[in-house]
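Naming follows writing order (A, B and C), and every chain is counted from residue 1.
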C-alpha cells in the first residue's frame, strides 16, 4: 500500500494538450475518485498512472517511487477496465492467474491465491467457466478478482460500473466500498457518475477540459464548490445557479433576483471585502434544491432561513420528494419539497431558502466569491 | 532500460515487411520507371533516352490494338458484370429457399484459376468441338459461332468468359449491400404505397451506390491486370486480335527483347490503375476516419 | 448474409415467384455449364468428343484421360503428366501462405495495438501495394531473384508470393484487430505480458476466423497465380497453372481435349475443395478484399 502523488502532469497527443498540469495527492489507503464529463481527461490521467500512456512532462510517484518510464507491470498497480477486458479464450481461473503465470509464480501458490480471491468475491463456482458464459455482474467480479490477486499498492478502476444495469450498479458500488474497507488499499477510480463519486470517495478530483477544477473531500466538493462548473456538475438535480444583482441597502448586502412576471425577490448576502467588489453588478447565486423547501420542510437546525413567495409553475412528484419549478433570474429553478407538501400550481407559494448553504459566484470568471 | 527497448519492438517487428514492400513495390516501380526511359533491349542498360520509348509505344499498332481491346473489354466486362451481379442479387434477395446452394454455384468460378476458366471456355467456344458442333449434332445445322477464331469478335469471347468468372463475385457484393439496407426504410416505403419494383428502383438501388463504386474499382483493377485469361483462351490471337496491355507488356519485355518499351507500357498500366484506386482509397479512408 | 428475416423481399404474386425461380435456375445452369463440360468430356474418349455432342454425358466412361493428365501426358519436353507440377505448386503454396499470413498477423497487431507516429502512412503504402499491376515489378524482380540465386527456383516463387501477399494479409488482420478491444491488451500489459506474449496468448487465440479467411485468400491467390509462375519458374519449379497452359496451348501433336479437361479439373480441384468446404470464409475474404478502409 502506498500513497500516490501527481505533480504538474502534462499529457499531449500531438499538438493537443489533454492534461494541462495536474497536481494531486492521495494518502495511503485513500479512495480517490476522478470525475468529470466525457473528454475531460480523466481516463487519460488514469492511463498515465497505469503507465499505459506516456506522460509528456511532470511526475507520478507511487509511494516514494517515481514511476516515470516504468512498464505498467512494474508499477505495482492493478486495473479494472470498463469493459472488464477479460481474456475471452481463458477460463476465469486462467484470467486470474495469467499475471502470476507471466511472473513465474509456482502452481501451488497460484492456486492458493486464486482460492483466496474466489472466496472474497464469491466466484468459486465460476472458476472453470469462460467469460462468455458469465453475466455482467459476474464478469465484473472476475475483473476485480484479477486485480485483487496482484495485491497491488494501488488499484485503478476505469468506469467499472458503467456497463451494468442500474440495480446491479448500486450493489457493486456497495461491494467496492466494502472491499476497500477490508483491504485498505489505495484506490484511484474514474467515473462520470457524480453519485458514484460522492458515495465512494475519500477525495474527489473534478476534471474538466484537462484542468483540475477542484480537489477535495466529497463534502467540500458538494457544499463548497470552487466554481460554477463544479457546482453544476456535482449533485442531482444540480445546483440552481441564479442570476441576480448585488445591491447594498442600509449598509447590508443583498441579492435581487427577478421572479415571475415583473416580481422580484431579494435575499440577504454575507458581507465581505471580496463581496463588496461586486456591489452594483451581476452575481450568480448558487443554492441546491434541497436548500429551497416548503417552509415546513426547512432544516430546523439551520440558523439562517429566509422565506420568500415564489411562483410555482410545475411540480414533479418523485416519490420521496416533490420537485417544484419556479422561475428565478430568468431560469427554471428547482426546489425540493416534502412529498406531501401541498403545492398550488400557477400561484405564489412561500419557499424557504437555507442561506447557510448558499454560495456566490462571479459570472465573469465563474469562480467563487468567498 | 529494458522497458525502453520494449518500445522499439513493434517498429522492429513491422520493419522487415515494410522494408520489403518499400523495395519490391515502390523501389521496383521506380526502377521500372527508370528502365522505361532507357534503351534497354534484352537486358537492362542505363542509356538514358528520355521519353522516346513512350513516343514509340504510342506509335505502335500493337499498343493501340491493346488499348482498344482494353476499352472494349473493360466497358463490357464492368457494365455487364455489374448489371448481372445486381440482377442476380435482387433475385436472390426474395427469400429463396435454396439460397445457400444457389449462391455457392454463382460464386464458385471465383475460386478457380483464370487458366482453368480459359481452358474450359476455349474448347467450349471452339467451333470444331464445342458449342457450334453440339448445335449441329442437335440438328441446328445452320448454327454458327466462330467468334473465338474471328479477329473482329475474339475479344468478345474473352468478355464472356470473364463475366462468367466475376459476376458471382459482384452478386455477392450487392447481396451484402442489399442485406445491409434497413428493413424499416422498406416498410416505410410500403406504408407510403410504393410497389416492389418502385421500391427497388427509387429506394434500394440508389442506396447501393457505394457497392457500385466498390464493384467498379475491383472490376477495373481486374480488367487492366487481365493477362491469364487471354493467354489461356486465345494467346493474344488470332493474330494479335486479343492483345491487351498486360500481354503486350509481357511479350515486348520477354520475347521481343524490347524491355524499354515493355517497361513504359507497365508504367502506363500503373498510371491507369492508380488513377482509379488512389481517389477511391482516399475517400474510403476518409469516410472510415469520419466514422471513428 | 443468411438471415432470411432481414431480407428485403417484397410481397409478390405466384407468377412472379415462378419467374424468379426460372431465372435463378437458368443462371445455375449457366454457371455450372463449363464445369459440366469439363467433367463430362474428361471422361470421354477423344473420338467421342470429336464426333459428338459436347454437352452430352459420356457414353463409355473412361478414366484414361485422368491417368494421362496426372502422370503420362507430355508437357514441355517430358512426358510426366501434371503430377510434378502439382507437387511444385503445393511446395510453393504452403510456405508462402504460412509466411504471409504470419507476417500479416504481426503487422496488423502492430498497426492497431502499437500504432506509432507514421504507422498510418506505412499502412497506406502497404495497402496501395495490393493494387499495383504486377507487370510493373516483373523486370526488377527477375534481376533481384537472379542476384539472390533464386531465379527459377521454388524458393524464389515463395519469396515473391510472400512479399506481394503482405499487403492483403496485413489489411485483413489490421481491420480485424482494429475491432479487437484494446483494453484486453492493456490488461495483459498490466499483468506483465510482453509484446509477443500479448500476441500469442491474447490475440492469436481470438483470431481463428480471420486466420482462416486469410489462409483461404492467400491459398487461392497463390495457387491460381499464373503471371509470377510464368515469369520466374524454370522447368523444375513450374507451378500447375503454367503447366496446364503449356499442356493446352502446345502447338505440337494432337489436341487431346479430354486430357486437357481432366488437367484443368486437377488444377482447379484444391481451390474448389477449399471453397466448397469453407465458402463462408472465402466470401468474407473476397468482401474484405473489395471493401477497404
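Here, contacts are C-beta pairs under 8 Å (C-beta built on N, C-alpha and C of every residue); 3 or more make two chains touch, one makes a residue touch a chain.
This one's a predicted model, so the numbers in the text were calculated from it and none came from an experiment.
In this structure, the chain pairs B-C and A-C differ in their number of contacting C-beta pairs, and the larger number is found at B-C. Centroid analysis (C-alpha atoms only) places A farthest from chain B. With centres defined as mean CA coordinates, chain B is found 59 Å away from chain A. Annotation: 16 Å between the Cα-based centres of chain B and chain C.
A straight line joining the Cα centres of chain A and chain C is 57 Å long. In chain A, the residues touching two or more other chains are 71, 74. Multi-chain contact residues of chain B (touching two or more other chains) are listed as 6.
Contact of a single residue of chain C with at least two other chains is seen at no position. If you check the complex, the residues on chain C that touch chain B are 1-4, 6-12, 17, 20-21, 23-24, 27-28, 30-35, 37-38, 41, 49-50, 52-55, 103, 106-107, 110-111, 114, 116, 119, 122, 124-129, 131-141, 143-144, 163-164, 166-167, 170, 194-196, 220, 223-224, 226-227, 230-231, 241, 244-245, 248-249, 257, 260-261, 263-265, 267-268, 271-272, 274-276, 279, 282-283, 286-287, 289-293. Per the touch definition, chain C reaches chain A in the complex via residues 181, 183-184, 186-193, 197, 201-202, 205-206. Those residues of chain B that touch chain C in the shared complex are 6, 9-11, 13-14, 16-18, 20-22, 24-29, 31-32, 35, 44, 88, 91-96, 99-100, 102, 104-124, 128-131, 133-134, 137-138, 164, 168-169, 172-173, 175-176, 178-179, 181, 183, 186, 190, 195-196, 199-200, 204, 214-215, 217-218, 221, 224-225, 227-228, 231-232, 235, 245-246, 249-250, 253-254, 259, 262-263, 265-267, 269-270, 273-274, 277-278, 281, 284-285, 287-288. Put simply, chain A touches chain C in their complex at residues 47, 50, 52, 71-74, 77-79, 81-83, 85-89, 98-99, 102-103, 146.
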